[in-house]
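One chain, chain A, links the two complexes that follow: it is found with chain B in the first and with chain C in the second.
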Partner chain A sequence: MDLNYLKKLIKMLDSSNLSEIEIEEEGTKIRLSKPKQKIATQLPTQIITPYPSITNINPQPAEIKEKPEPTTSTEEFNMSKIFEVKAPMVGTFYRSPSPEAKPYVDVGSTVKEGTLLCIIEAMKLMNEIESEVGGKIVKILVENGQPVEYNQVLFYIEKP
Partner chain B sequence: MTEILKLKKTILEKGYIKNFVFLESVNSTNTYTKENIHTDDSLIITFNQTAGRGRFERVWISEPFKNLTFTLVKFFEAGFKNYSLINFYATYIIASSLKSVLPAGNNVSVKWPNDILLNNKKIAGILLETVQSDKKDKSLKFIIGIGMNLNQTCFRENFIYPATSVYNETGKSIDISDFLPVIITNFYENIDLIEKPDILIRKWKSFCMIIGKEISFKKELNSKPVTGRVVDVDSDGSIIIDVKGEKMKYYTGEISFIF
Partner chain C sequence: MFNKILIANRGEIALRIIRTCMEMGIKTVAVYSTADKNALHVRFADEAVCIGPPEPEESYLNIPRIIATAEITNAEAIHPGDGYLAENAEFAEICFDSKLVFIGPDPTMIKSTENKFLFKQHIKNIGLPVIPGSEDYIKNHKDAEQIIEQFGFPVVLKSAYGREGMGISIIHRIEDLEKAMQNLREKSQKIFGNNQIYIEKFIKGARHIGIQILGDKSGNIVHLGERDCTIQRNNKKLLEECPSPFLDITLREQMGNDAIMLAKSIKYTGAGTVEFLIDPDKNFYVTEMNTRLQAEHPITEEVFHIDIVKEQIRIANGNRLLKKKTIPTGHSIECRIFAESPDKDKLPTGTITTYHPPGGNGIRIDSSCYSGFVINPLNEPLIAKIIVIAGDRESAIKRMLRSLDEFIVEGVNTNKSIFKKILTDPKFKSYNYDTEYFETQ
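Presenting the complex of A and B:
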């Protein structure tokens, strides 16, 4: 790994609006991410390398991952105004068109009816999930790349 | 241009395609279709796809005027259950159509779930996408993007799975205006198979080259691969892999290596 290359990446991330950059090439994976509250001088927080590693292979591959933990924070939602976006099928949840791309939506994004929210992949069928309502994304309940069950809630959208 | 008019006439005369769209040049026929085509049974074709893509925006490179790059649009009613089998169906149709026009002795095969190989090199890819076509009746619009290397002779090297073309393998070129009508006719004449998972998967498996083989398998895009032996592909399309004596059933994932 070329240190100058890494420095360039750090600079690029710092000067961009992105919160995360992930690059994979020739068996090495680098992920740089910024803390959510933007502090201009803070260095990226995570560097993962090398990849792929042959250690740590889970000897018993778990078929079904644990579902994301229910929220325990003090978030409060007026559920009468919340529209729950549910998974129309079993599959893998993706928030962006490719690992390098920006997510379609983030918490705080304003969406209209028809706005693309995510992709659910099932057997290489890429299902684009569009919003059925207009409003604001207030919560994303599934992590990128995680399996989802039929009807599992993916997003909370607060209707105006 | 007369060739395109001839192709259009041949395709429309078959009576399956209602809407034939020829684009002189386009970034990707799937992308164009998602944004612009809202009619069932549409065929969108170009000879110059400038930014072809696969899943996760992987690049599909195709030299202009040498290959087959098109998108087929098919609507299915809301509640359609066998959506996961469409990929197997499209793969089977492309593989069997290709086999039917090649001289004997060429080996057309498929890799789970939808790669198509000729003599063990990648010859065609399918990018299947859906969007809800109508907000009212909630029918699903399937966008079936197909890229097949016909007459291209140079490919980038060092792929784990090298690419090839019909010309490279057989020394003969295939005429798109003969071959595309074969694919379209096969697609529509066998479409009942989507309602018959057992038969469909059996037909798909007749091309499958991985059953019994040791493979590396990635459950998720960035997960570490597991190694095991492919036991079977189930009629629901899932792949069953024997991983250290335990039979695992996977609905999503990717074969990253075949030993």
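Presenting the complex of A and C:
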């Protein structure tokens, strides 16, 4: 897969009024779609380094928290019991080892210290992020494939 | 032209680059440490990404974090500013490998100038004048003594990888030699990761001049005159002026041509500065080449009516240098206002409670400060660069004195008063001083 080719496609889609492009070529199928403001890239199997989507990163972490949440329904948290898992680096956030695989954790998952939570890809390296505490995942603040900055809150873990 | 540039720096220089990008219609990405959350470069850029904690090694010097930021923001080029990674060949190489344009020279050019001793041999080999000194690194006391016998005291010990005034030791007495050699070796190992040192004759009464160079990818190289950086304290530049009162047209052209010859010998591209020392008899020596944008570049911009950062970006984009050469006019002076700790051994900290910069005709302020700005001891405590431009040197001095009077900074100590002393000193007015200005006070 030629990344530049993909990049061109993304740019094309971005500047168009289309909401979706699908291309099939020599057994490889690419579907690009544009939900609301973001572009999600759906990649064929065994692509280890999906190209990150174009997203403005907000310098104000407070505002990031206010973005719509992808997974949770209840919004009431007893913050004194919540441990915030923060991104230790800049990169692209992935919830699973590959697009087809199950997420490492979901809302409701019980985690121990050392449980693998997610991957942050930086410079084509997949960095595994482990939990520093034990507890229950009560909120996931970042969508799969979204770029994250240093110290951005990724998960809420409710301590027992 | 590039759509988006990431600026891998902070403070006034990041802001200065963002401003040029805005004028060129290029989008910008700022990177910042958690300590710089409220910094102006973060606010002025189109996008800003927090890349790490306040320690420079974890943020502004952290190559993987900066490259990862360029990747997630789709930046096409990186401007390194004037410090941090600006002269880091490895960084330039990684940018290239990551398909990002490094706005600066090729990594090979940075590498060729990194080792000051080897580059000195190169300067000598192409026939340019260098300061007499050891033909090799000094291994022991005896090697040093040979040079001392030849030239007498004082002599200068230099680290092979010295930079920004670090890695220089002036020796006045034979008793000090052994200890100074040992100290410099240890310091060099610690700062530069290399303990090789060499020795040179000390040039008495020297003036320090830098010639600004611009080279494009088609092999065209021009010089944009000189900057006089003779006023230094502890080998750090404090006040710079353009043109130098010490040069006449002939000397300027000779030095300019030598600077071009040196740049051509390594096929240099981008902005660079060839540094010289000139003795009182006007014999000049090429000392080194800086392969980055320099902090004092604004004085050249004012006199030559050019935006050097814009030229850097154009060159990196593959554009040729403009054929039309601008005609330099007037006289420009820059003063670097730093926060200073009342206790000389401590790094300055504190909050600027009042910040009121000077204004009016012929004054340019390059700063990222504001009332409420917090001085972080981990970063260079620069408050502002005051740059004045006037018709002649005398008017420029008067204008700078007025600027200093107008400039109000409260909450932290500054080095403002030192500039008033220099600018009203009859020795300064008559240009009767050398690089030892402070030592001879």
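What we mean here is this: the second predicted complex is superposed on the first by the 86 of 160 C-alpha atoms of A that agree within 3 Å, B and C clash if a C-alpha of one lies under 4 Å from a C-alpha of the other, contacts with A are read in each partner's own complex, and residues count from 1 in each chain.
Going forward, contacts are C-beta pairs under 8 Å (C-beta built on N, C-alpha and C of every residue); 3 or more make two chains touch, one makes a residue touch a chain.
The shown structure was predicted, so the numbers you read here are calculated from the model rather than taken from an experiment.
Is A:E128 in contact with chain B, with chain C, with both, or with neither (first, second, both, neither)?
first
Counting only touches as set out at the top, which of chain B and chain C does A:P99 meet: first, second, both, neither?
It touches chain B, and chain C stays clear.
With both complexes superposed on chain A, which partner does A:M12 reach: first (chain B), second (chain C), both or neither?
Neither chain B nor chain C is touched by A:M12.
With both complexes superposed on chain A, which partner does A:I23 reach: first (chain B), second (chain C), both or neither?
In the superposition, A:I23 touches no partner, neither chain B nor chain C.
What is the contact status of A:N151 with respect to chain B (first) and chain C (second): first, second, both, or neither?
second
Quick one: is A:V107 in contact with chain B, with chain C, with both, or with neither? Answer first, second, both or neither.
neither
Quick one: chain B or chain C, who's touching more of chain A?
B
Under the contact definition given at the top, report the residues of chain A touching chain B in one complex and chain C in the other.
52, 56-57, 59, 61, 89-92, 122-123, 125, 147
Which residues of chain A touch chain B once you look at their complex with the stated criterion?
29, 52-53, 56-61, 63, 89-92, 94, 97-101, 113-114, 121-128, 130, 132, 145, 147
Show me the residue ranges of chain C that touch chain A in the complex, using the header's touch definition.
30, 32, 34, 37, 42, 47-53, 59, 64-65, 67-69, 71-74, 98
Can you tell me which positions in chain B touch chain A when the two form their complex?
The touching residues are 34, 55-58, 83-84, 86-88, 113-114, 126-132, 135, 219-222, 224-226, 237-238, 243-244, 246, 248-252.
Along chain A, where are the residues that touch chain C in the complex?
Contact set of chain A toward chain C: 7, 52, 54-57, 59, 61, 89-92, 122-123, 125, 147, 149-152.
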